[in-house]
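First subunit A sits with subunit B, and in the next complex the same chain sits with subunit C.
So, the complex of A and B:
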């Protein structure tokens, strides 16, 4: 990967990308509220479990497939995968999260000349999931698939750990230890995701589904999912 | 006899017992009739029943071997025509037997036309340890078509203390509305997978299931009523998505899961079907 592509990838994976990622915990806040997460170890176990039960086995391979579709300029395939991703969001808040982030990402891409073509292709197509817009930007900016998946996984983990630091709460050093452990698992998961055929993707995560359902009616909340 | 070890990648669909069943329901003068049925191999329906009057056709699906073995391929096609209303269920649990290698497959293709309603309420499926099973359900709703489906699984014969440790299970569910996918779940559950114990996965629970109503826009009162239903042990969760109302269960007890789903079904049915729930008698036996 050339240095400019690396810069672009760091840009896309940055927590300062204005898509609102920081406002979502994806069920983690419920796990804290119900007492299932009390410690650094509990938080690490939950985040690793969610990563393995859906991010690594569904979201990453779908992101790779969308990047390949963008590279082939196959917008029908991009949108078919967009439908599948939205349909795979198993609770209202998880769906609302990706639709809001997809929308915000699209607004951003419209304003960036390097990515405006992606935004034009997705205009007036109904709800756009975040991976759909983000994968288009990554391809337009010359980012290869494997590092893109790695950065996506990292950005997700970083956001989850930040949510845990606020919600549990945990100290900053505890958060950094969690990120070290989560990062270590990523290369093997990314390598698997790159090869996983669509019929073997798995988004079966009943624990996440239940946590997300219950978060919808949680009385006091910091996060929107 | 010691069961043969399960080869990792035995394709083995050569042997086994193929079976298929095709049903079509039509509305005629405010009646729903089973206008077409065809079967091949050991899949049957009992004669159509009308316990709640002529508008709703209840049908019992039978698979006389009572279990699905490695190499078996079952295919069920159901089509519900405009304004027709069919309710399908089964007389007992489906069993997925241990396989010496070949994959057992069941595919369900369910189609509902505008104004039609299909209630797909089979009893639970029990997956024996060492089973190799692939179940896929594809629901195609025309705009204005409605569906409610129950999908309940128990890993291992828990009544006799069996744990699911070495099987392979794939369960796919796809629901389309007007040709576009609105629900997708692909579950890949290997007997030795961390998912069985993981907090985001099954957390050691052998029973899981989903009840989905599709093609309705549930109002706040219905969602609140579903959520207010007692759920001892905190095993259930309810959410509302565009055109969908979804209930999930994860727990230890099939009967408790089924009771909760049936109660939810009775709450949802008036909104979905415009009539109160009428529990099929076979469920009480």
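So, the complex of A and C:
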């Protein structure tokens, strides 16, 4: 990967990307509220389990497939995967999250000349999930698939750890320890995701689904999911 | 899988508004009980029980089923007991079910949970076609069990639920691919340490906000987990439960089904015991 592509990737994976990622905990806040997450170890176990049960086995391979479809200029395949992703969201909050982030990402891409073509291809196509818009941007900016998946996984983990720091709460150093542990497992998960055939994708994480369901009626919330 | 399904049922509504089993084809290893009208709260509802005559599912079995409920008809199809998925030597058992609900139909497809024996590998695929105004209730549950009382676990379970409208548009989907060892090890993202899992898909439900509230108000005993949320694309609601034992899971699933039936018809189910 050339240095400019790396710069673009760091940009796409940055928490400063204005898509609202910081406002979502994906069920983690409910896990704290019900007492299931009280410590650094609890937070690490939850985040790792959610990663293994859904991100690694569904979201990453889907993202790879979308990037390959974008590269082949196969918009029909991109949108088919988009519909699959939206249909697979385990709870209403999780669907609302990806639709909102997808919308925000599209608005950003419209304003960036390097990515305006992606935004144009997705205009008037109904709800666009965040991976759909993000994968298009990654391909438009010359980012290869494997680093893109790694950055996506990292950004997700970083957001989860930040949510844990706020909600549990945890100290900053504890957060860094969690990121070191989560990062250790990522290369192997990404390598598997790159080769996982569609018939083996799995988005089954009942703990996450139930946490998201219960978060929808949680009395007091910092996060939107 | 080619060839005819081993169970192929079609329900229709007669002029008096009573649902009957208009077509049936059944082959080994399935037996279909006589069509009954035994729900006191819905006397028009046709009730059919599917039974295994082979004692469960075995390696290399490839089973397909199709159940269609015609316009305005109402049917309840269930199993009288759980299906055991037996140990295997590296192969799998495959079961594919196609459920079709025509406009205004009601189909309750409520098989008892799959019991996964150590070394079993189950592949299950359910596809629902939901016409305008149709209601479909589908139960999808499993629980691991070692009959020797040990900690042996199933090898793998792969299960897919796909919901489409009458035009084939994808509405909702879930794909499950899990290894037994990982499932028994627990982990909050997977199962919070609770090994009995059930989903109740309430598809096509009208006024779904009311039903969602009713499901969320169901009491959940300490140590168990349950929740409900709207499905994508207006497909309906999914209710999920995790429990530490089969009795707990059954209670949660029955309560959710009863709430759904009451919402849909105005009355709780009043089926005679199987």
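Here is the rule we go by: the second predicted complex is superposed on the first by the 225 of 225 C-alpha atoms of A that agree within 3 Å, B and C clash if a C-alpha of one lies under 4 Å from a C-alpha of the other, contacts with A are read in each partner's own complex, and residues count from 1 in each chain.
Please note the rule applied: a contact is a pair of C-beta atoms (placed from the backbone, for glycine too) under 8 Å apart; a residue touches a chain by one contact, two chains touch by 3 or more.
Since this is a predicted model, take the numbers as computed values, not measurements.
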| item | value |
| --- | --- |
| Clash-or-fit label for the pair subunit B, subunit C on subunit A | clash |
| First (subunit B), second (subunit C), both or neither touched by A:66 | neither |
| Contacts of A:160 with subunit B and subunit C, given as first, second, both or neither | neither |
| First, second, both or neither for A:91, with subunit B first and subunit C second | both |
| Overlap of the subunit B and subunit C footprints on subunit A, listed as residue numbers | 31, 36, 45-46, 49-50, 52-54, 57-58, 83-84, 87-92, 95, 200-210, 212-214, 216-217 |
| List of subunit A residues in touch with subunit C within their complex | 31, 36-37, 45-54, 57-58, 83-84, 86-93, 95, 200-214, 216-217 |
| Residue ranges of subunit B in contact with subunit A within the complex | 171, 174-175, 180-189, 194-195, 198-203, 208, 227, 235-242, 246, 248, 250 |
| Subunit B contact footprint on subunit A (complex, rising order) | 31, 36, 45-46, 49-50, 52-54, 57-58, 83-84, 87-92, 95, 199-210, 212-214, 216-217 |
| Parts of subunit C lying in touch with subunit A, wherever the complex brings them together | 159, 163, 170-178, 182, 187-192, 197, 216, 225-230, 232-233, 240, 242 |
